[in-house]
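In what follows, subunit A forms one complex with subunit B and a second complex with subunit C.
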Partner chain A sequence: MAEMKTAAYICSGCGLGDKLDVPQLAKIAQKEGKMALVREHDFLCNAEGVQMIRDDIEKEAVTHICIAACSRRAKTEAFNFPTVAMTRANLREGVIWVVSEGGDHDEVRQEMADDYVRMGCAELKKAKMPEGNPNHTHLKNLMVVGGGISGMTAAFEAAETGYEVILVEKQAQLGGWADKLWKRVPFKAPYAEPQDTGVAELAAKVSSHPLIKVYLNTTVAETSGAPGRFAIKLAQESGAITEVSAGAIVQATGFTTYDINKLPELGGGLENVVDHAGLEVLAKAANGGAIKRADGREIKSVVFLQCAGQRDDTGRHLPYCSGHCCATSIKQAMYFKDANPEVNTVVVYDDLRVPGMGEDFYRSAQHKGVIFAKGNASKVETAGNGCRVNYRDLILDADSILEADLVVLATGQVPSSGVNVVEWDKLTKEADGGSVEAKQQKSELKNISILNLTYRQGPDVPKLKYGFADSHFICFPYETQRTGIYTAGPVRRPMDILQATEDATGAALKAIQAAENASLGRAAHPRAGDLSYPIVRLEGCTQCKRCTVECPFGAIDEDEKRFPVFNEQRCRRCGTCMGACPVRVISFENYSVDTVGNQIKSIEIPDEFSEKPRILVLACENDAYPALDMAGLSRIVYSAFVRIIPVRCLGSVNTIWITDALNSGYDGVMMMGCKKGDEYQCHFVKGSELAGYRMSKIGDTLTGMGLEPERVSTFEVAITDNAKVAGFINDYVAQLVEMGPSPMKGFN
Partner chain B sequence: MSELNQKAVAKYQNNFLKEVEERVEDGEWVSMCMQCGVCAGSCPLGPHWEHSPQKIFRMIMAGKRDEVLTSDSVWMCTSCYSCIVRCPRKLPITHIMHGIAHYAHRLDVAPKGQPTRELARVFWNNLIKTGRVNELKFSLAVYFKDGFSQGIKNLMSMQGIALGLVKAKRLNPMEIIGGHKCKDVGGIQKMLAKAKEIEDRRQGYSS
Partner chain C sequence: MTASIATSQTILVVGGGISGMTAALEAAECGKQVILVERNATLGGRTALLYRYFPKMCHPTCGMEINLRRIKANRNVRVMTMTEVLDVKGLRGDYTVKLKLSPRYVNSNCTACGECAKAVDAEIDNPYEYNLAKTRAAYLPHNMAYPMHYVLDPSIIGTQDADKAKAACKYDAIELDMQEEVVEIKAGAIVWATGWKPYDAAKIQPYGYDRFANVITSVEFERLANPHGPTGGKLLRPSDGKEAKNIAFIQCAGSRDENHLRHCSRICCMASLKQTHYVREAYGDSAKSTIYYIDIRVIDRLEDFYLQVQQDPTVGFIKSKVAKIVEDKESNLVLHGVDTEGYHRYATTHDLVVLAVGMEPETNGIKLPDDILLDSSGFIEGSNLPAGIEGIYGAGAASSPLDVNRSVQSATAAALRAIQVVHKTSTVEGVR
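== the complex of A and B ==
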């Protein structure tokens, strides 16, 4: 790029001109910010204002612009200049909307605005325009692992969108669990009768699709690479290895049923006790006629026990609800009623839950004469020619008994999600320490791996909860913690056929986006389209491995000399590696230790007698910064002593910023990030947790500097906490005022 | 055990739900109950019943024939219709309660001496005699239903009201002799007999 030429634009619209001394801001940008060009405008985001900036870029060869107007989250369409580096000084949401009205506050308001202009200019001088990852990829096809409903749907939808698909199935035919069903729960109005599964039609469409290549009797022996360049070895049953490549991966490996032999108290293992899958076998054998038991006897009475081995709080069985079982039991009870209305069918449930249009299906079963009894089964035993179910009737509050020819246990779904990488990591450490046993366990564990990733972080995608492979059920469905690999169907969370179909379609589209973004050198979700990428100065690296270990997405491998190897296509651009690096060799073009560090050092710190403390706020741009903007939008007033800098993730906060700030005379530092722990809301999974951990270690440093540990505090802020966040600020400022000014003032 | 009851037991054996569906007015709705308990929570007399409508329905489904038919609860319904209005499954709960009470009465297994049942019986017997309710005879029958001495006591306690009603010409003492009646008493009784015959046939009591 040509020589750097900077420009600052100061807007006086939206009331900025009334409340602030705009000429003074311009002077600061020029004198202190050393901007080559400074312009004021009374309506910067209108066509004329934007044109003015465009003209400067074109005619004046401006390469770096600082816009001092509204929040960086506002007017992004107007202020869209893809050919220059840009920073934004937030004078509207960050100053005039949040500082108290009236002349008494003119001074602090102006000081705040002055500082934001200084910070905008300081950041600009260290920023570069992101050019995109030069390592472009070209693969845009998908590999789908698993040929059940989810896998076939993902493959078919992607192929219909025009992308080539490799479909890998372990069994000899497509279909998965759904192929074993006699009928499925209805998915079309009037939602009253079980419907055909449609598996055969879907399998035929998939097999004959010109863009889909199906590998049967095949497993994945090895997966390496990154989005846009996955290299995969497929192992056929014969032992032959086929090498293929793919741009992105959809893992739709489904589930297995919970082993009913683990439920002896409910008759698991008895002759006339089956699970849902067992009943489907009997129903398929009956082919619409009277359903018979394995011993050939026609079934005249059947009892379904819901939540068998599920929603268990004793820790012995599955703690979760599998979601589909209520509707599945209703469907199976209908198998009996449709063949012979005289069959006595009872469903013993604790809570009957039929999401979607299931309520119509439930009513239909009641019309057919299926009896629903609210109760908890305690014991199932053999009695006469059938079974006796002992249960507590929860409506009549009495112990009751049901006799039946057959008992069906509604057991749950157990995800087929492969290796638990946390366990893997532990075993790796033990094996590296020389444990033979750990080495043995590791190779056994490897046998159940699905993707056999060559990543240093383990051979499969990490699990979120209860063994399901996902990264956040609500905010980012399908996204795993391995970029470019998406999970769909019951491997991700328990679900039925209809949900799996929608899930697979969503995951296929996500996978396509990932491959496309990788081919353009851009980031995937949640910073989709971001052209910046981590740049590492390897000559400064001390091989400490912190970046490789802490990367939440397994983007960084190690070479044989233990230097980090960045797979940029796997990177989500959160900057956690940048925050981790003790020697600060990792940076992004427009986000680095320097861009933030320079902002921190640029502001004017009043002396200790001024009674004007300065508090640095490092706010997560995903949740905390929007919440602060929303506080401004709602005109919620907070202290004018804070200076807020948005960060990509609290995980990207390098401790040098904290020590720099305190050394420069700031009185305190507030870190605002997302909720951490099991119920985390961090967009980058572990960022806020890592930040909390790193800050817990900073106490000694602070004491060494002669500072109170409370001068650095972390806060959990959700995107809806606009009122709360102002309270956090005001309380913290009050606390610091009481503590007195920082003893570091005046030393720099 | 009454003959009708014996026949019903023989016919339906253990399938009480089917018996209710076929023989109790609106009984076919029972299986649509989803046990949410809104009826039980809505009933103004709820705390005073042994069995809420929710429990009655569950008992029917669980085949608890004796408990349901001898239950005092179904007689306690005051027809306020709160349950019908609130039932998310739109069950005609009030009607079903009366249907069960009526059925239990027909089988003669309803609780003996249940006040609502006794009052209804006296009222009905009074009404069908002449086709019109004879209030004087009805009151006396109610007072004396528990024996002579109790009847006298009831009379003494109510005499002020009775005299007031006579003074206000709301009660004619001469009604004790015959009383007023409708034009065609024979016709009314034939009509009622026919209605009973139709009901018996339709509900399966007669065959």
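== the complex of A and C ==
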């Protein structure tokens, strides 16, 4: 590797030159920052400025550059030098746009800029250009688990893109739930009639595709490894184990229907009460003719009860809506009407939910004479040769009765998502503590596992609400907590066939992308393309297990001696492990305890008589830092006593930074992260939560240093909080001024 | 702008909202070359103008920050703003696309320092505020704009204001002689992600959107709630600037109506439920929201959001399609109709009415390639060409009335279909 040569470039454009003493900044970069080369420019981001930097990289062999100009979020197209390590000192959004002018302000503003230049240089000296994880493999094929519509679609679409696929189905044939349907809800104009399911055609295409290998009667006995190198043991019905490998995984394990027997009040268990699945059986048997009951009697009247055991607020049944059931009941009512328009079909519903073009399907049913009654059924009982439905008619606001040959309960989808890893984690702790019972429970849980991951954090993909293995993020529906494993179809969220098809196609892309990225040693979303990766100095490790427990993505396993085993391809580069490590042996090439620690230590701390407190701000780079930037863009003024450092996630904050800062005489530390709790907004899952937890533990350390616990404070900052964040800063500075200077000042 | 970089291996994504950004990024992060064209001066589309998302009540700009960082870090995506598609010729694997580039009058030297805006006197209606506010005619669309470059409104070109803006710029960023350009590019596959627009509420005559100042649309209400919006986040009535504390939300404003939009727009129920949170956020218990609805369509696991709002004592629900709105002397609005639960007539007064306007596909009124197949509402249903030879794919709200989450899912799927085309093309050409 080339010898390190540093350079700092100080811009005087955008008013920087008018408001700051740029030659002084240059002097600081040279003398204190020890930059080998320092240049000033009056418009650094223009073609000439950029060319100057390029020339230095080429002709002067500069390997490390510090750009002291605008925010790292600005002018990224201009300051794009992929071959060197780079830091940015934020003098524009971070200083001149946010600090008042005139009087004393000029002095503190200059001090702020001076410090940011010191920090940029200090960070640079510890940073390396990330070169990508060397431990990558090149498997690019996919394993798809589940051979229903979702799984077949994912497999087919991936194969059509040119990727090999292993498709695993536990049943003896492909098709899943959709194969049991007589027809499906229409997905094309004019959205008026039920359509063929297309399952047989898709299954045929999948089975004959040269790039797809189908394993029937097969389950996944074990999955180990990481994206680009998953090693999988497939268990066949015969007991034989086949070992395969894959670059990434799509889990499309679908759903089961809610057990109708749990709904005795709605007639679940009665002879002439069926669920959607039961009606499909009858419709298939009728084959387009008159639909008959199990007892052979032709059905002349049928009542559909929507939301059966769903949207339940009593805690006894499913609390959610399954999304597809209104259209499914409409479709099934049409089965009757299409065979014989004289059949009386009534759908009892609370809210009829047919979004989008489903509205046309609803209209079509009304034209066919299907009756829709807004009401809530309370009881279904046997009456004569059929059933009696007691319900509250919400339009007439009166109790009513319907009699029918058959009642169909629109029950919901229950995801087949395997083991709840939160429960697993609890059992692991108990088992580690010696509980035999917990050990037993763990091995029972393994039986319901789908992927049987060998991950330390449990055998399946973490579930979100109601057991669905979904993403927590609205903008990123495929952001699962296990890198390279994507869920698709109703295991991810209740959904209909149309949505499942789209979902599976998207999941196939994400899996392909994960395998491609792993083969290049790059990170997956949300730090897509990041070439840095966690590097651990195992010789310093004390086997405390904090990193293995706290990693939000289950990337770190443990070996038999309880040392952490990093699976870099599973890592999302949040740095939570780095923040967790008490002995500081984990780092990234361009983000480490040193790159941040060196910045903290580089600034000049005024003495205790100066009345110039110094506050360190560690700001989440995704929300708090942009909010601070946008405060600048809106010229919202805040105190010049803060020194802000963006962090990948508050979870990556190592407490050594806090104690170092306080030891070197900072008066306070503000930590700004995303919202935590159930509706957390952290894209690394629990960064803010962990930071809050860790900070609650350093109170004693602070007291031991003779410091008030208020000198370290955490704040929830959303990206839109640009005015609010300035308020947080100003209030906190006022609070610290009130408190008086840190007693640690002057000890250094 | 040269066309030379694009080849039949390039994927063209039309529309730079959340769907288009997603399709472009997902393809690019699979290693594909992408050109992302956007008609407006910035990426972000309509989601960037929303205050919060349902059901997490988080901010769209958070995801946008991540997506912009992905774009900044990815050399496979080329973004062209102020660019419209004029014409598409050719077939799968070999499209020739004519693009019209409108002048921004500001080049990439722009540092977003803001001096030009200070120099200009003229003001225009701010399209990024749904025209609820004015902005200087030299402006940055919004704080999250990408590219982070100012724009000069064409109305000031040739006036003194334009000269003043140019004089104020120290960086030679303003080019007043910038001209409209038409360029041709090659592309192997196209993702059409042009999104949606709010249905023209004035067409719903009985609701008086065009006559009554205090009847506004749901997208406008998003701007009112936004601390960076025209009212600084205060829920103020347009007529007199008073705080609105008795707000009616009218569902299916245009949707589920064969005289207007025949489809259900899917998002509006959740949007109105979400907006009742804005009312609560602003006033706590001292204001009231009333939702007039036909069916509350909160699909799948969003149900708990509905339950939570139902438990809010300040929110009422009336099952009714509002028949008409009458304005009283104080510019309050009297809603007339029949509550179908029990069939009671009502005439209820509110101080602000928010119409949950339907989603109309933006495809209406744009010249589309011939092989795109639209459904009866104008959403992209697929291709007129037989499967296997099509190469243009709809994504997001251009293909169906979808919320953000489903739009992203749809865009990711469309990206894979586009990749399939360029993969196959390259295999045939022996490039791969």
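The rule we apply is simple: the second predicted complex is superposed on the first by the 738 of 748 C-alpha atoms of A that agree within 3 Å, B and C clash if a C-alpha of one lies under 4 Å from a C-alpha of the other, contacts with A are read in each partner's own complex, and residues count from 1 in each chain.
The rule we apply is simple: a contact is a pair of C-beta atoms (placed from the backbone, for glycine too) under 8 Å apart; a residue touches a chain by one contact, two chains touch by 3 or more.
The structure displayed is predicted, hence computed values, not measured ones.
Enquirer: After aligning the two structures on subunit A, examine subunit B and subunit C and state clash or fit.
Expert: clash
Enquirer: Looking at A:Ser400, would you say it contacts subunit B, subunit C, both, or neither? Reply first, second, both or neither.
Expert: Only subunit B is touched by A:Ser400; subunit C is not.
Enquirer: Looking at the overlay, does A:Tyr466 come into contact with subunit B only (first), subunit C only (second), both, or neither?
Expert: second
Enquirer: If you tally the residues of subunit A touched by each partner, is the higher count for subunit B or for subunit C?
Expert: When the residues of subunit A touched by each partner are counted, C comes out ahead.
Enquirer: I'd like to know which partner A:Gly434 touches here: subunit B for first, subunit C for second, both or neither.
Expert: After superposing on A, A:Gly434 lies clear of both subunit B and subunit C.
Enquirer: One more residue to check, A:Leu352. First (subunit B), second (subunit C), both or neither?
Expert: Both: A:Leu352 reaches subunit B and subunit C.
Enquirer: Going by the contact rule set out at the top, does A:Gly384 touch subunit B (first), subunit C (second), both, or neither?
Expert: neither
Enquirer: Would you sort A:Gly315 into first (subunit B), second (subunit C), both or neither based on which partner it touches?
Expert: A:Gly315 contacts neither subunit B nor subunit C.
Enquirer: First (subunit B), second (subunit C), both or neither: which does A:Phe372 touch?
Expert: first
Enquirer: Determine, for the stretches 5-13, 41-49, 149-157 or 185-193 of subunit B, which one clashes with subunit C when the structures are superposed.
Expert: Residues of subunit B that clash with subunit C lie in 41-49.
Enquirer: What residues on subunit A does subunit C touch that subunit B touches too?
Expert: The overlap between the subunit B and subunit C interfaces on subunit A comprises residues 352, 374, 395-396.
Enquirer: Which residues of subunit B touch subunit A in the complex?
Expert: Counting only subunit B, the residues touching subunit A are 17, 31-32, 34-35, 54-55, 58-59, 61-62, 64, 89.
Enquirer: Of all residues in subunit A, which touch subunit C in the complex?
Expert: Touching subunit C from subunit A are residues 13-15, 43, 45-46, 70, 74-78, 157, 160-162, 188-191, 311, 313, 319-323, 351-360, 374, 394-397, 465-466, 468, 470, 473-478, 493-495, 499, 502-503, 505-506, 508-510, 512-513, 516-517, 525-526, 528-529, 622-623, 626, 630, 633-634, 674-675, 679, 681, 683, 718-720, 722-723.
Enquirer: Taking the touch rule as given, give the residues of subunit C at its contact with subunit A in the complex, in rising order.
Expert: 18, 25-26, 29-31, 51, 53, 56-67, 69-70, 72-74, 108-109, 111-113, 140, 143-144, 147-148, 170-172, 226-228, 256, 262-266, 295-304, 307, 319, 340-343, 375-377, 379, 381-382, 400-402, 404-406, 408-413, 415-417, 419-420, 423-424, 427, 432
Enquirer: Give the list of subunit A residues in touch with subunit B in this complex.
Expert: So the residues of subunit A touching subunit B come out as 352, 362-363, 366-367, 369, 371-374, 393, 395-396, 400.
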